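Two complexes are shown next, each including subunit A; its partner changes from subunit B in the first to subunit C in the second.
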Partner chain A sequence: MLLGACMLGCVMSQSVDAQSAAEEYQVKAAFLFHFVQLVEWPAGTLDASDRSISLCIFDDEPHRRELENTIEGKVVGMRVLHVRLLDQRQDIQGCNILFLSRDEGRRQAAILRSVHDLPVLTVGETDTFLADGGMIHFHLDGDKIRFDINAAGADASHLRISARLLLLATSVTHTTGIGVGKEGYAH
Partner chain B sequence: MHIRDLSLRANLILLILSASALAVLLASLGFGFYERQNYQASAIREMTALSDTLGANTAASLAFNDQKTAEEMLGALVTEPHVLDARLYDSEGRIFAEYRGPSRKSGFELAGLRPDGAYFDQQSLTLFRGVRLNGERTGSIALVFDLNDLRSRLLQYAKIALFVLLASVLVTLLASMRLAVSIGEPLVKLAGVARRVSIDKDYSVRAAIRAGGETGLLIRSFNEMLSQIESSESALKEALSSLQESDDRYALAARGANDGLWDWNLITGQIYFSPRWNHMLGYTVSEDWSDPEAWFSHIHTIDRDRVRAEIASHREGKTPEFASEYRMRHKSGGYIWMLSRGIAIRDPSGKAIRMAGSQTDITEGKISDPLTKIPNRLYLVDRIESAIETAGQQDATFAVLFVDLDQFKLVNDSLGHAAGDELLIDVAGRLRASIRTSSRPGGYGKSVVARVGGDEFAILLDHIQHEAEPAIVAVRILERLSEPFHLEGRRMFVSASIGIALSHASASPEDLLSNADTAMYSAKGNGKGRYEYFDEAMRERIVNRFEIETGLRKAIDENQLVLHYQPIISTVGDRICGFEALVRWNHPQRGMIPPGEFIPVAEESDLIVLLGRWVLHESCRQMAEWHRSFPGVSALTVNVNVSSRQLCDSHLIADVELALAESGLDPSCLALEVTESSIMSNAEQTLATLDRLRAMNVRLEIDDFGTGYSSLSYLQRLPFGTLKIDRSFIRDLSAGSGSLDIAKAIVEMAHSLRLDVIAEGVETDEQLGLLRGLGCNYVQGYLFSKPVPAEAAGALYREIRERGPFVAESALPTVCELRR
Partner chain C sequence: MHVDPCTCRISRSLSSFILEDVFSRVSRRFRILIAISLLTSAAYPSLSQPTPDLTQKSLEDLMNIQVTSVSKREQTTSQAAAAVFVISREDIRRSGALNIPDLLRMVPGLDVAQIDADKWAISARGFNGQYSDLVLVLVDGRAVYNPIFAGVFWDSQNVALDTIERIEVIRGPGAAVWGSNAVNGVINIITRSADDTQGGYVTAGAGNASTGPATIGYGGKASGIGAYRVYGQGFQYNSQPTFAGLDGQDDWRLVHGGFRTDSALSAKDSLTTEGEAFRGNAGELASTPVSLAPPLTATLALRDIYSGWNALTRWNRIVSPHSDTSLQVYFDRTNRGDTTYSLGLDTFDIDFQHHVLWGSRQDIVWGLGYRLSSDEESPTMRIVFTPQDRATQLFSSFVQDEIAIRPDHISLSLGARLEHNDYTGFVFQPSARMVWTPNSKNMVWSAISSADRTPARSDSDIRVNYAAVAGPGGLPMLISLFGNPHAKNERLTAFEMGYRSAWTSNFSVDSTVFYNRYRDVDSVEPGATIVETSPAPAHLLIPSYLGNGLHGETHGIELFANWKATNFWTLSPGYSFFSMHLHPFAGSQDLTDSAGDEGGTPDHQAQLRSSVRLPWNLQWNASAYFVNRLPAVSVPAYTRLDTVLIWHAGERVSVRVVGQNLLKNVHPEYAGPSSSVQSGMIKRDAYAQITWSF
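Then we have the complex of A and B:
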């Protein structure tokens, strides 16, 4: 609701919702950070030399600032998180995480397809994110930020998502199809 | 009350009890503590694990702010009943999620967030742990654990422990009491035994207590100790009693021995005298001398210096022991004889430092004759001395009698020493009896009968009032002694010679004894069996006699004796048929001593035997020589007088044999003359000797016939061939005298008994004529020749042979006839 309100709010009165949006994306950034904590990349995929993990966002990401501020320089394990800005044409290679906000509706599917079997953790917000092959999808539950996970996507990229993360996901799907829901998983 | 004052038992019990209680307590505490720690630790571990798990699980929820999930996760704690509460705090310490357990008590509130750790309170354990997501702390988790379980468990433990404690205390109490008893009782018993032993002083008691280990050792050692004490007690008792016994024995022995003891410390000069020592001298014990001079001052002056010398001699080591006999003055004034003996102890250098010994009263031994038990000479002398003193003071007179037994040696030799001793004892008794009974009332007071020699007795006759009194006593003695003595079953007659010496002013005991002795000697010389008073002239005679006796021996050895020969003429043919040999003494100083003087003296002793032997030898020799010198005189005989002593002498036969053998004289040419009296006094004894002599073919002649108490039956039996009429008859021979009748009777009797008769002492022709008429076979006397020396006799014989009328039987071929 908030999202919805925010979206309207963002368009109509950005300053009123700017605070809550900033907060939201701070939280989301924190979530992203945590995602990194709870996801395992295949061996050798993370850059061994410079010990960094790149979170790529497109340069036209509206909330890139919040993301950068929250994530940049954070340490996960022995690696440092960096935010990389991507332009339209830039190669997504070298990204470990890709965040696609809801504004990326059009190119979303193509991008997802291109990284489909690459060890890139894709996190998005659009409704069709998971259907498009994304792995983690943010959604709002009241004023709480929640997320869903498409495990099949992770499988395809050979990323291993921690069970703990799975537990906390509102739903976990294994196919590109419809999510089963929380009731679906077995502990 | 100090712990030491408690009894061993109490101490033991207390100790064991407290030890066991302490042990149980400590164990319980230890275990309890350990259990608690363990429990707590495991609780912590459990909870830590739990919280970690939860934390890990909820970390993501915290990160993703998923309260619901977090709560759900915490809700899983419902399976843990001990977990009372759980909280999840975010990084700011705000409670993110909470779980309230079912067993949570109301009102329980978890305290605020605390640093990590475990926090205990009464009932619960609160554990605070960090929650991490990928190593990064995202918050904290707190779990509250219920400890009540632990508590109850611990309480249970405590109960069990207490029960165990009580039980163990009880058991320990019993066990320790038992132990205390088993230890204490023997000790108490032992103490009891020890007390009893010390009270009763009975060391034969033993502790019969059974116990093991150290107590047993103690008891055994205790018993051993008692054994030791007992044995040393008894050893001590033995030693003591042995010492006592030895002491008693010594005292008894000393008493029995009647000895006094003396102990002289030569260094200090002090001397100890035993009570007996003092008692012997008549002093009571309280007079305890310690000065040796007290001893010496009591010694008789005569003996004193000698005793001192003898002591000194032993002290200086010159004699191996000290022994001395001396007189000591008794308290009563008299003297007693003491034998003192002693020995000195010396120091390493040899110096005498102590001398000790005994003193024995030997008075009785000293003063009495052991055989007869009457006093001895020593005592007598003492008594005479005191009599002299008294006589001097009181102007009284006393006498000393010397009694000598005449035939003692005869008895001794013929019947043996036992008979001799019997005789002496009897004589002593008779003498004493003679003194006791007297006409005088009260007897002779202090008179003493003593034995002073082998067969000599002396009598002190004290307080005589008349000089004749001793004579009366002497007569009585002689009378008593004349009664027969029964010795060895035989009857013997013994006489004595008595000498009497009267006291006079300046006489000493020795003088008086000597005088009495002289008088006795004189009595003996004058016929024996008599008494005589001493007078001065007697002394000379006695001395003379003594001289003769001593000279005679010498005379025999030095050929001072010489034989004179008196011819015996046969009345048939007036031939010299033989010679009588008569001994003379040619004393160098005194000249010719007649036989009357020395023969009796000789007869008193064994000198007569020596004399006789010499006479036999010489006479045989001489006669044998004459036989050789005068051819055809084989019938010539020599007559030799033989005394009764010689007859009794066992050597007579041998002497005769020897004399005959050495001289070569034919036995039939030797005639032995034996006086009638000497035959008769010992007829039985001499018969054997005479028979033997006769068997040797020696002629036997009875001499001095008519003077003795002849038994005619004996005459027949005795092997005599010839009778010699005593000269007393010949002297008085004259026609119509009684002597002629006697001589006639003798000749007839002799002839009828087939004996020849020789008449001695013919001095006149008248006598000769009468004798011829009587038919006397032979004559001898001064008419023909007095006894002359051998040479003269030989010359006489030759002369008569050649001349006649006493023609030797040269014409006659045979021996003198009618001689048997």
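Then we have the complex of A and C:
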């Protein structure tokens, strides 16, 4: 019921949904893993020496553990995906992907401006994320994860997003601030 | 962009065909019905079966996975058909509180009053006192409500704040769910999964009121047991002045340590095991009879020494997507006492629970439980239990069904609990709750429920000698209170209604009104003076007897709002009004109890909390609490101002500077000069703490 399961309800029903539902941020982490495969960075922008790709999150990111547990150390092509924690904005220099969970709030506009023309794939969750200049926006359709793409933003950073990813997106935006549906895109 | 529109169109239609096919096969099997327990599943992601490697799934598959959304979870609290407030991990991180009672002050409608360095009176909706007997407190499902004195010894509930995932506070009855004594509220302390506390940390701090807590903790993974953590903590609180300005000698010291493991036994089974041991002592100045010869009664500096340990294990099994079970067993040993009382208590408890989704509209939980509480007491000049030792058994069963009458809009939840205890036999506690969600921004709930407080040893078997004084003819005179072996349950019938709304994405409100009817409330009935010869010498006995001679009503309003004024500033105002009227049944000559209850809870409480995120990784929070006067215990109205500045100095180090009770040098919060315990005046406090993670 709405109050709780039972005397032990609060602590005993922990796995109620384990089979039919997964943790939102573990699944989102897996999406990020696929994004890395389906986005092409400009030549020379990925670190040639250590063969790593850095996914950056802020150190107060509430879903850090789910993200790390799901994708830290995963191999993408010839590279290894690492989750890197940021405590200051200047650090963004070495990031290939920047993930801002919904909790960043309006701080994100400033962050996104600071990486505007850097080859950093930005992924976020707030309603204003694309309008603020972000590239891929997660949203929920019922209890399933969907995403929108701001292709113009990716263009500005010289990132090439594969057709496959664009196809799966709910909507693709071509110019900053104007979203069009899939049908619009296809023409 | 470098996409060929033609290729694009073809493959899109292909992929959408595939997607639609998959979509149509996936039913919405799981609905979030058990709001709070699901909140827990949120907190323990890794407790569920070993997570399959999600990166091995295709994007299309990922898009078809049902997720337990965090936003939905946040909503589930607001969907609860009860007055629920959750103190989140984030709230704890941002708070300046050093202990659980101070943390609980933020809960609107809860009445938290510090008595002295180590004692608090904490209740909801009235009947507050050092032993608030109408609020059930659980730590990870282990009841810490003391069945001897009917209440909670807050000084031995020192879960390290860093290990708490969240605290759920329910104001109002929860007995149909949690069992007897969950009459006016439930406080559910839930610790973090060992998976979430990997790595080590050290915390140290000091201030003018306390040294510590100093904490060291470490979490790792080991083959065979899965994730684990171990921790230890120690602290000392300095003594506070009494009302009369004396040193209250109520300094308080504690060391405790424990562990928790969380492991996945198979894809369907998970096991949590945890344990803790503690040892501490705290002082007080109390007036108590010392002998039947002069000086008769004296004010003594008492030192309460206590220790204990507990261990709990819980096995969760997913039987099918529609069904899961849990089995929990715990043992708890507590010893405590000073020269006026002494108790030892062993508790063994086993609970089974089965949760099943039945059809598309019903969500059922049922369970069975057994508890054995065995205590031994030593008689003192002040307190004697008859019988001296006693073992009591509690059998319980419950069932609860949530029915979606109109899915996503109207649901009805019916529950009942049947228990059998050794004092009053069978107890039946039903409840009916209804939720109406007209749209995603508004919800209204209402509930009618009944809840009982069952007698404790202190209701039935106790004799308290309050004072010895010189009587007429040189005879000593003993003033004593006797328990009632035929004590009845105190029974509440509660009518509640609540409204929650997110008016905008930045402003939400939560309001509750309640009307409670109590019967068979504890009373103190006078008895005839007699001459008592044992213990010698012969003396006059002025007895009074505990009864169930009162009935009455309470009503009140609890309001809370949350306003994100800007993206860096959040304001949370709260207000509660409370009123109580108790009346004696015919035949009752209640002496003091009703006035004490009526005047022991503030009629008005208000709070304003502010949380500001500053540049340079700084966070500044301030909380102001207004509590109106408590006429029964001579405590004047006061306003308390607490503040904390937190600096996250990089990834591994955080520093916090705390100021508490900033408005006055000292102020009282509870009890008064007439109490046998000399209450403390709560001092202004400055405190600094540093945490290093590794």
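To be clear about the criterion, the second predicted complex is superposed on the first by the 161 of 187 C-alpha atoms of A that agree within 3 Å, B and C clash if a C-alpha of one lies under 4 Å from a C-alpha of the other, contacts with A are read in each partner's own complex, and residues count from 1 in each chain.
Here is the rule we use: a contact is a pair of C-beta atoms (placed from the backbone, for glycine too) under 8 Å apart; a residue touches a chain by one contact, two chains touch by 3 or more.
Treat the numbers as computed from the prediction; the structure is a model and nothing was measured.
S.K.: Should A:G77 be classified as contacting the first partner (subunit B), the second (subunit C), both, or neither?
M.R.: First partner only.
S.K.: Subunit A residues in contact: does subunit B have more, or subunit C?
M.R.: After superposition, C is the partner touching more of subunit A.
S.K.: Kindly classify A:D148 by the partners it touches after superposition: subunit B alone (first), subunit C alone (second), both, or neither?
M.R.: Touch partners of A:D148: none, neither subunit B nor subunit C.
S.K.: Check the residue A:R65 against both partner chains and state whether it touches subunit B (first), subunit C (second), both, or neither.
M.R.: second
S.K.: Of the partners subunit B and subunit C, which touch A:H34 in the superposed model: first, second, both, neither?
M.R.: Both subunit B and subunit C are touched by A:H34.
S.K.: Identify the partner contact of A:D132: answer first if only subunit B is touched, second if only subunit C is, both if each is, neither if none is.
M.R.: After superposition on chain A, A:D132 lies in contact with neither partner.
S.K.: Could you tell me which stretches of subunit A are touched by subunit B in one complex and by subunit C in the other?
M.R.: Residues common to the subunit A contacts of subunit C and of subunit B are 27, 30-31, 34, 38, 144-146, 164-165, 167-168, listed in rising order.
S.K.: Under the touch definition given earlier, write down the residues of subunit A that touch subunit C in their complex.
M.R.: 1-27, 29-31, 33-34, 38, 59-60, 62-63, 65-66, 69-71, 74, 85, 87, 102, 105-107, 140, 142-146, 151, 154-155, 160-161, 163-168, 174, 182, 186-187
S.K.: Which stretch or stretches of subunit B touch subunit A in the complex?
M.R.: Against subunit A, the touching part of subunit B is residues 56-57, 59-61, 63-66, 69, 133-136.
S.K.: Once bound in the complex, which stretches of subunit C touch subunit A?
M.R.: Residues of subunit C touching subunit A: 1-5, 7-9, 11-12, 15, 28-30, 32-41, 44-49, 51, 54-55, 57-60, 62-72, 79-82, 84, 90, 138, 140-141, 168, 170, 174, 177-179, 188, 190, 195-196, 270, 314, 316, 318, 320-321, 324, 326, 328, 351, 353, 355, 363, 365-367, 369, 396, 398, 400-402, 411, 413-415, 433, 435, 445, 566-568, 617, 648, 650-651.
S.K.: So in the complex, the part of subunit A that touches subunit B is made up of which residues?
M.R.: 27, 30-31, 34, 37-38, 75-77, 144-147, 162, 164-165, 167-168
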